[in-house]
Amino acid sequence: MKYSEAFLNAAADLCEAGRFIDGKGWVPATSGNFSVRLPDGTIAITVSGKHKGRLQIEDIMLIDADANPLDDKKPSAETLLHTSLYKRFPAVNCVLHPHTIHSVLVSRIFKNEIALENYELLKAFKGIATHEARLVIPVFANDQDIPRLAAEVERYLDRRRDCYGYVIAGHGFYTWGDSVAETLRHLEALDYLFECELRLYGVNRA
Amino acid sequence: MKYSEAFLNAAADLCEAGRFIDGKGWVPATSGNFSVRLPDGTIAITVSGKHKGRLQIEDIMLIDADANPLDDKKPSAETLLHTSLYKRFPAVNCVLHPHTIHSVLVSRIFKNEIALENYELLKAFKGIATHEARLVIPVFANDQDIPRLAAEVERYLDRRRDCYGYVIAGHGFYTWGDSVAETLRHLEALDYLFECELRLYGVNRA
Amino acid sequence: MKYSEAFLNAAADLCEAGRFIDGKGWVPATSGNFSVRLPDGTIAITVSGKHKGRLQIEDIMLIDADANPLDDKKPSAETLLHTSLYKRFPAVNCVLHPHTIHSVLVSRIFKNEIALENYELLKAFKGIATHEARLVIPVFANDQDIPRLAAEVERYLDRRRDCYGYVIAGHGFYTWGDSVAETLRHLEALDYLFECELRLYGVNRA
Amino acid sequence: MKYSEAFLNAAADLCEAGRFIDGKGWVPATSGNFSVRLPDGTIAITVSGKHKGRLQIEDIMLIDADANPLDDKKPSAETLLHTSLYKRFPAVNCVLHPHTIHSVLVSRIFKNEIALENYELLKAFKGIATHEARLVIPVFANDQDIPRLAAEVERYLDRRRDCYGYVIAGHGFYTWGDSVAETLRHLEALDYLFECELRLYGVNRA
């Protein structure tokens, strides 16, 4: 297949993002998946089963807005969680899903949601201008039935459009933004804030 | 704009310092800001909103001693916290502000100040020659009103000139020195000592 | 000695795996050992006493299926633990043994076995398709008598063939797979899951 | 001054060791000092005040066995702790002194000594062949009077020659060996074992 220049640029960005994210230890083994929406509405997304720290251009595939493959590669099982976000949010052009250990641990401890308050780093999220904001990140039960999980996320987002990410229990988190750079910023900030909450919880319970 | 050689050298030093500081995980997302005072009294300072681990020369701008831009770039919201330190301390030529997780966590636990005692690494601070020193680092409440926050810092420094840095709660810390190298030394030492205090607190409370 | 191309490729893979594993801090000092089974049934394995993050081709030796050296290099004391796994599992072509600190710590805390449940990352193990699996990793007492330790491992594997790795108390763990890539995936996943269990234990006991 | 080839090789080894040790975060700010004994009994040692992760050949100086400078550079205040070890142990040719955070924290918790038992990694120490060994690392009170501190270390070593390192409280540790490689192995192993003891203490007290 002959890919467009837009696809190839997006694929290169995803490979580079993968090396950064893996360098932090956030996509162990072959976990995680990443995507970028192209100007024509198709989506460049990581294929199934590759190590995200060693991505090559050929590890990125093209799908349409309904998650149908437009080439002969095998999409990740969680592709529907990406397309669902793109359909809902017209301004979103990138979705990143790491398996950071902090997101797994907060999901075991805080159960339904993690409330983030009084952190300057909340300003890393687009549209938040003060540490006096309160950011709520929901935690969904893990589910191998991805359409069912996507539907549960949808129901939540119907009520809360001011959402920057969600955690799947024992699994990892999804975050999104208008570009790879903005989404990486959200990703870095969420992991940092999850680590803060986790360590304060440990200290406060001691 | 045509920049002086002194500016370009300072800018290169700040880019390199940024890569070092980001490599430690101390400026997640696009947090933090850094500056150097030039021999003519103007100041090279990071612009707003860039990732500090990937700084380019064009991400550094020039301001005067009163924080007025001398080029057409957009200064960080916290610029006044830099100029305020340069006005007070004639020997200071560099100010670094990271968002290390340890500084955020100690601010939640120790509230008003962190007292550092009996550490050999206290000797990393200019003018301290023994671990028997006692270094107090104040913690200020976070405030999006930077002139008001700067004024509070000023009032503290009026009483305590032997100060090497301060923490802003839930935010990060500021430290300074006569050169980039000395300020980096203070930065590394402070984060290390904050981590010591944090971990000892966790263990001792357990 | 003149080595085959298969040996040299395997040796290069082991050197690269060593740099990756050491970069994570999982083979401190000169600890750990790694091997690959070649198509003819002989085995490329790290020699005794080298730092695994700085392996050169000459630090890999050739042994037969019974652990007899086929060149004049000195095999690791634990070679028998490798050959024993190759004899039992015809599909296994790589064995990796790191000394991660998390595996040492879980062995001190969980004693006989570590049960891993409700983690998406369980899917990193070949043949596991859901986080609803339960993976049990046995812990064996450390023993400098390697034939005796190998025999104890054998007795366990006689009863539990669905095993992806084991921990030796205060020492490290062994894991295996059909290729270097699959074994590295198992290794990364196990260390991550050990860290999860360890941190949750600390928080829950607090 | 014209240095010998032996000096220049030792200096290069110390620069490289410094980059490795700093990469682990074990010599924050400009802390730590390192030395190698040359075949003629003179000693190559790091000068005072340099960052150990960015050492250049010119940051290494030459001293005699009594710590007198043989060039015009300024030795570290702790030089006497190096020469004292070389005088006592004829087989020792390298001394490394990092300020690892784990060594600082164990000194606050375990006070007089740290006993290391039942770790496979004990075999990283020259002459220990089994995890059933018991390695005792003494902790000395910090003291800016280096001759007095050296004398206290001497008194301890008079009674316990089977010693691989010692901790100075709130400061860091010293370790030694017959070569840079062996000493680095001891250093990596000690920090790893200190971290084990520290984390187990935290968990067990919780």
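For clarity, chains are labelled A, B, C and D in written order, and residue numbers in each chain start from 1.
In this text, a residue touches a chain if its C-beta (ideal position, glycine included) is under 8 Å from a C-beta of that chain, and two chains touch if they have at least 3 such contacts.
Here the structure is a predicted model, which is why all the values come from computation and not from measurement.
J.: In the touch network of chains, how many steps separate subunit A from subunit D on the shortest route?
T.: The fewest touching-chain steps linking subunit A to subunit D number 2.
J.: If more than half of the interface residue numbers appear on both sides, call it same; otherwise different. Which is it for subunit C and subunit D?
T.: different
J.: Measuring between mean CA coordinates, which chain is farthest from subunit C?
T.: Of all chains, B has its centre farthest from that of subunit C.
J.: Between subunit A and subunit C, tell me the centre distance in angstrom, where each centre is the average of that chain's C-alpha atoms.
T.: It comes to 31 Å between the two C-alpha centres.
J.: Starting from the mean Cα coordinates of subunit B and subunit C, work out the distance between those two points in Å.
T.: Using C-alpha averages as centres, the distance is 44 Å.
J.: Which subunit D residues reach two or more other chains?
T.: 202, 206
J.: Which word fits the touch map of the chains here: line, ring, star, complete or other?
T.: ring
J.: Could you list each pair of chains that touch, in label order?
T.: Every pair of chains meeting the touch criterion: A-B, A-C, B-D, C-D.
J.: Mind listing the subunit A positions that touch subunit B in their complex?
T.: 24, 118-121, 124, 129-132, 181, 185-186, 188-189, 191-192, 195-196, 199-200, 202-203, 206
J.: How about subunit C: which of its residues touch subunit D in the complex?
T.: Contacts found on subunit C: 25, 28-31, 51, 99, 101, 104-105, 108-109, 142, 144, 168-172, 198, 201-202, 205-206.
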